[in-house]
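What follows is a set of structures to go through.
What follows is a pair of complexes built around subunit A, which joins subunit B in one and subunit C in the other.
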Partner chain A sequence: MSRFFIRRVWHSFVVLFVVLTFVFIAGRMIGDPAILLLGPEASPADILRVRGQMGLEAPLWDQYVRFMMGAVQGDFGTTFRYGFAVPDVATAGSTGTPVLPLVLERLPATYLLAVTAMAIAGSIALVLGCLAAMYPRSVLDRAINVISLAGVSTVDFWLGFMLILLFSVQLGWFPTSGFGGISFLVLPAMTLAVRPIGRVSQLVRSAMLDELSKPYIDALRAKGFPERRIVFRHALKNASIPVATMVGEELLQIVQGAIVVEVVFAWPGVGSLLVTALSTRDLPLVEATVFILALTAITINLIVDLVYTRLDPRVRFG
Partner chain B sequence: MMTAIDHTTTDDGAGQSPGLWRYLRALARDPVTLLAVVFLIVLAISALGAELVAPHDPTRLSLAMRNKPPLSPGLLEGVTHYLGTDELGRDLLSRLIFGGRVSIAVGLIGALFAGVFGTTLGLIAGYYRGRTDDAVMRAVDAMAALPTLLIALFFLFVVGAGFWNLVIVLAFVRWRVFARLTRGMVLSLREQPYVLAAKAIGASDTRIIFRHVLPNILSPLMVLFTLEVAVLILAEAALSFLGFGIQPPDSSWGLMIARGREYLTSAWWLVTLPGLAIFLTTLGLNLVAAWARAITDPVQRWRWLA
Partner chain C sequence: MTREPQAQGEGRVLEVADLWVEFATPGGTVYAVNGVGFDLRRGETLAILGESGCGKSVTALAVMGILRAPPARFRARTMRLGEVDLLRASPAEMRSIRGARIAMIFQDPFMSLNPTKTVGQQIGEVFRVHRGVSQAEARRLAIGLMERVRIPSAKRRVDDYPHQFSGGMSQRIMVASAIALGPEILLADEPTTALDVTVQAQIMDILAELRRESGMAVVLITHDLRLAAETAERAAVMYAGRIVETGPMADIYARPRHPYTIGLLRSLPDDEGQRRRLHPIAGTPPVLSQLPAGCAFVPRCQWAQARCSRELPPMRPVAGEQACACHFASELTLA
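What follows is the complex of A and B.
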């Protein structure tokens, strides 16, 4: 366990290191950060001053080390644009908001959305998958198959607009966008849940079919157990192991879907912050957001792998 | 002695690869998939011959005809805008046909690049094992640990938006899927007796890979390719919607949704119809892929081709 654990954590660190290196290289590739900060009309004197402040006159290697050291300490610098009405040349480079707290502040909203979507998707997919597996090759099974394929094919952000049209504009049940009580959460969470429902229900179906064909199920049937109890008590418990491995993958997919869906619903999460940062070319904010999202994804993967080795001892010794 | 085998009478031949007509007959008995195939064919024709199929010039503006609902009569006698017009009075059906050409092209070309690159690396990694294998699989694992859309957005931020940048970035984020599948299959094939036999009689590695390994993994790869086209069309839509994919004056389904967003409540068709086009296309591709997987699977095949 511990050797596996150490190797797995080490791999995560390597990936994170590579991500940060890419982020640094990219940051230097898109042009002079000083010009990015001041705008193309800035005077050479201002640019030179800001370059000095930002440490851009130092050798690239030195900048890289300082960037990495900063990242490790959670220091990604201050925003270029975010929180300013107009960037002020005189004070540029020293007055922005530190970016990492900005990103962290947005994190709970994204997590809330992702976890809610996952819970909705998980419970619906479990029911659909079990029903399909109980009556394989029936009309119900075929219908659920088409439903799950439709789920997989959904354009999630477009579905968001459709839900807004129906439930907010026509029926007035939920607010169109923003952040607040549970009513704000319903539509974005439902939007994000649809694609995972498609994928997970197919997985549940095949895992359940596998399980239901095993001898112990026949034994239970022979003993006269009610079918519903066999399916939901006995088979589902064992089928949940392969399904559990998908949870991490699905959470990743949801986090990635959240980037777009948050924009649709003006949800104040990390995804919408990333899009704002990218489209305003706010370099420090881009760096910090990409870092935090990558860290989130890597952590999810790590946790799932470690939990899985607990659930299924075969992985640990295999 | 060998001439005794007649290859023309294999109608009932269990284990034989079934002919085209048997696939067609199986298709005819599966109405949902048949519908998907017909839809995709119509789509392909309209994308290829957009200039001939589109009822109007997709770029012709008409301020008098802004945001007209579907089935509105045009300014001229006998002209109908079947799917309405957009915020600049351009015919929506024509724009959907031309925008679809771009969306489908991104999906197809992107998946082709990803497929060729990923399959090549997967073949090399799986066949030669060793250090190359380690390096390729490290890269695959590292990229799989990160959300695809995040990597794509970040790289588009660096290299800039546009059709070819989009295609290359999408191929770059998805090659890993082909590499992993190919490698896994090659790993089991390279120990097969017929591959060992080919090796024993002195066949070169290239010959073994292209004559003995690749043909045997082609059908799962084709299924994956179909699925990936759908994935890339969805990714294109998301990226263009966010403003990092296709840029005006070009258009794609995703960009059309972004542009119609402002008019969501006043002109519902501007967002609804492009999204519906993407949905039906990806659904069609997914249905065909699911069918193709069932029919090329030796365990399941007999049910469909019986």
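What follows is the complex of A and C.
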């Protein structure tokens, strides 16, 4: 493992620390968690008691230290009301289900959705981008340009509803929503794949055109190599360096997009959990979800950096 | 100066006649090469001389069959490599010839290497594609070639990447991959222009040595008259996409006939290193999308007459093997 990578891991820890601090501050800024929990009609005495139970009477720095210590150990507290029909004033804040396992339980479904969407988007974008670059300014190139522009301009939750209307309601090919076999995965993954198809195919095209215009391509042609070899083994490999960065960014966008799309398709992932947590004002659950999403983002960035060093020797030795 | 038999095909490895190349650009058609022809004899070095944009590199790319079309269009009356008619060869035949029988090296060695593959892979790939050898065998052959172009500790450096090499070393790697299959012809397009003078001499030495060992013919494309004079047996001077003077290098250097060649020679600093005022050629080369009807050198020529702008001077023999495309070639002297 290179020094470069060790440095990046260290950076990631710093980022995670900053994110946790923001989560803490935001959590104290959205209002009194005790009022959020008990509702606006609660009596001042009840509020005071619950604040005490939640440790909110302690000085802010003390709360911060405890929050950070808990976060490091994976303890974000217990859920306010998730799984309970009525909040129980007596036990709220002291007992109940720990939030982190709740989030982790939902994580595989979100990852499955995001990775499937990215795999679909990546492979389609690669083919479209390469074709466009191999025949620049052709009819094919223009058609691909229109497709990718339509892709980047799409609003995903709207597209989700349209896909449900067409493929589930009208044609009956796929289930409208829920979680199960591959058939449940198709529509939400397609919904999330459309925008990255547009963005990544445009980048693949321009990166490929850039590579193919470089002098080393002439040198390879002068060696009598087949065009296929030049395009795929040389140009595409080098064009994939900028593309890798964007795929990382797009994967993050997909995870973000999943928050809404999971609700549209009733997909039991972290996204729909976060929306539920927000609408029920379940602060610990929101904190844990944001933490896990931040951790996901950091991990994706690390993986992109790792892929980078594999693709570009100049980074590896830099 | 070796005199080879002049019979058709005898001793000639490359024949080009009446080559035209034009580029379709948004600003109009650019006439880059206009009826260029030359022969290359076995084992000789032919210098193609001229300033940037005169069509020398385009000529080389056309011979290799690797002009980017579009925007390029080209036609020629003759283009033969030995017994092979390059104008009729299929794309697959051309691929089997390129890199194997006729190879090329480029001006900027660093930009001519793929930055993400090791130099060993890039040299070895020639054997993998043309000879279908194994990866291990290709690597072994690559090391041998790197030693042949005198890259120090080749065994250790074979797995390094281009950015770990200097410009001179990169050009050696380009040379190594070009000579890998023992080509009859090497097209060297400004092979030393991007390099320091000392490194330049090393590369030219390596090329000279390879020529001696293998009998490979070299087309040296350069703007450097002195480099050409040191290396080449024959020369063709190009201006605005046409050959304006051709003949034995020594004769041209001693007594240039075309006003452009005369200007090139006068713009050189003194051989003995004495300080004197240099004489650059006044003016700029013509725009290749708007070539004049007559001689393209007229606006820069101190001897130009009215006739020169009307009539394109044909190539005519002047003395011995020397030929020149100037109406007044026999009257001019190097002032």
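By our rule, the second predicted complex is superposed on the first by the 288 of 318 C-alpha atoms of A that agree within 3 Å, B and C clash if a C-alpha of one lies under 4 Å from a C-alpha of the other, contacts with A are read in each partner's own complex, and residues count from 1 in each chain.
The rule we apply is simple: a contact is a pair of C-beta atoms (placed from the backbone, for glycine too) under 8 Å apart; a residue touches a chain by one contact, two chains touch by 3 or more.
All of these numbers come straight from a predicted model, not from anything done at the bench.
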Next item on the list: Would you sort A:P59 into first (subunit B), second (subunit C), both or neither based on which partner it touches?
Entry: neither
Notebook entry, point to check: A:V290 contacts which: subunit B (first), subunit C (second), both, neither?
Noted result: first
Check: So, does A:P226 touch the first partner subunit B, the second partner subunit C, both, or neither?
Finding: second
Note to self: Applying the document's definition of touching, compare subunit B and subunit C: which contacts more of subunit A?
What the structure shows: B
Check: In the superposed arrangement, does A:P40 touch subunit B (first), subunit C (second), both or neither?
Finding: neither
Note to self: Looking at A:G180 after the superposition, I want to know if it touches subunit B, subunit C, both of them or none. Which is it: first, second, both, neither?
What the structure shows: neither
Next item on the list: Figure out whether A:V155 sits in contact with subunit B (first) or subunit C (second), or with both, or with neither.
Entry: first
Check: Taking the contacts subunit A makes with subunit B in one complex and with subunit C in the other, which residues are shared?
Finding: none
Notebook entry, point to check: Which residues, counting only subunit A, touch subunit B once they are in their complex?
Noted result: 11-12, 14-15, 18-19, 22-23, 26, 29-30, 142, 145-146, 149-150, 152-159, 161-162, 164-165, 169, 252-253, 255-257, 259-260, 263, 274-275, 278-279, 281, 286, 290, 293-294, 297-298, 301
Check: Contact residues on subunit B for subunit A in the complex?
Finding: 32, 141-142, 145-150, 153-155, 157-158, 230, 234, 237-238, 241-244, 257, 261, 264-265, 268, 271-272, 274-275, 278-279, 282-283, 285-287, 290
Margin query: Which residues of subunit C touch subunit A once you look at their complex with the stated criterion?
Written below: 61, 64, 66, 94-100, 103-104, 106, 108, 111-118, 125-126, 129-130, 161, 163-164, 174, 177-178
Item checked: subunit C contact footprint on subunit A (complex, rising order) -> 214-216, 218-226, 229, 234, 237-238, 241, 311-314, 317
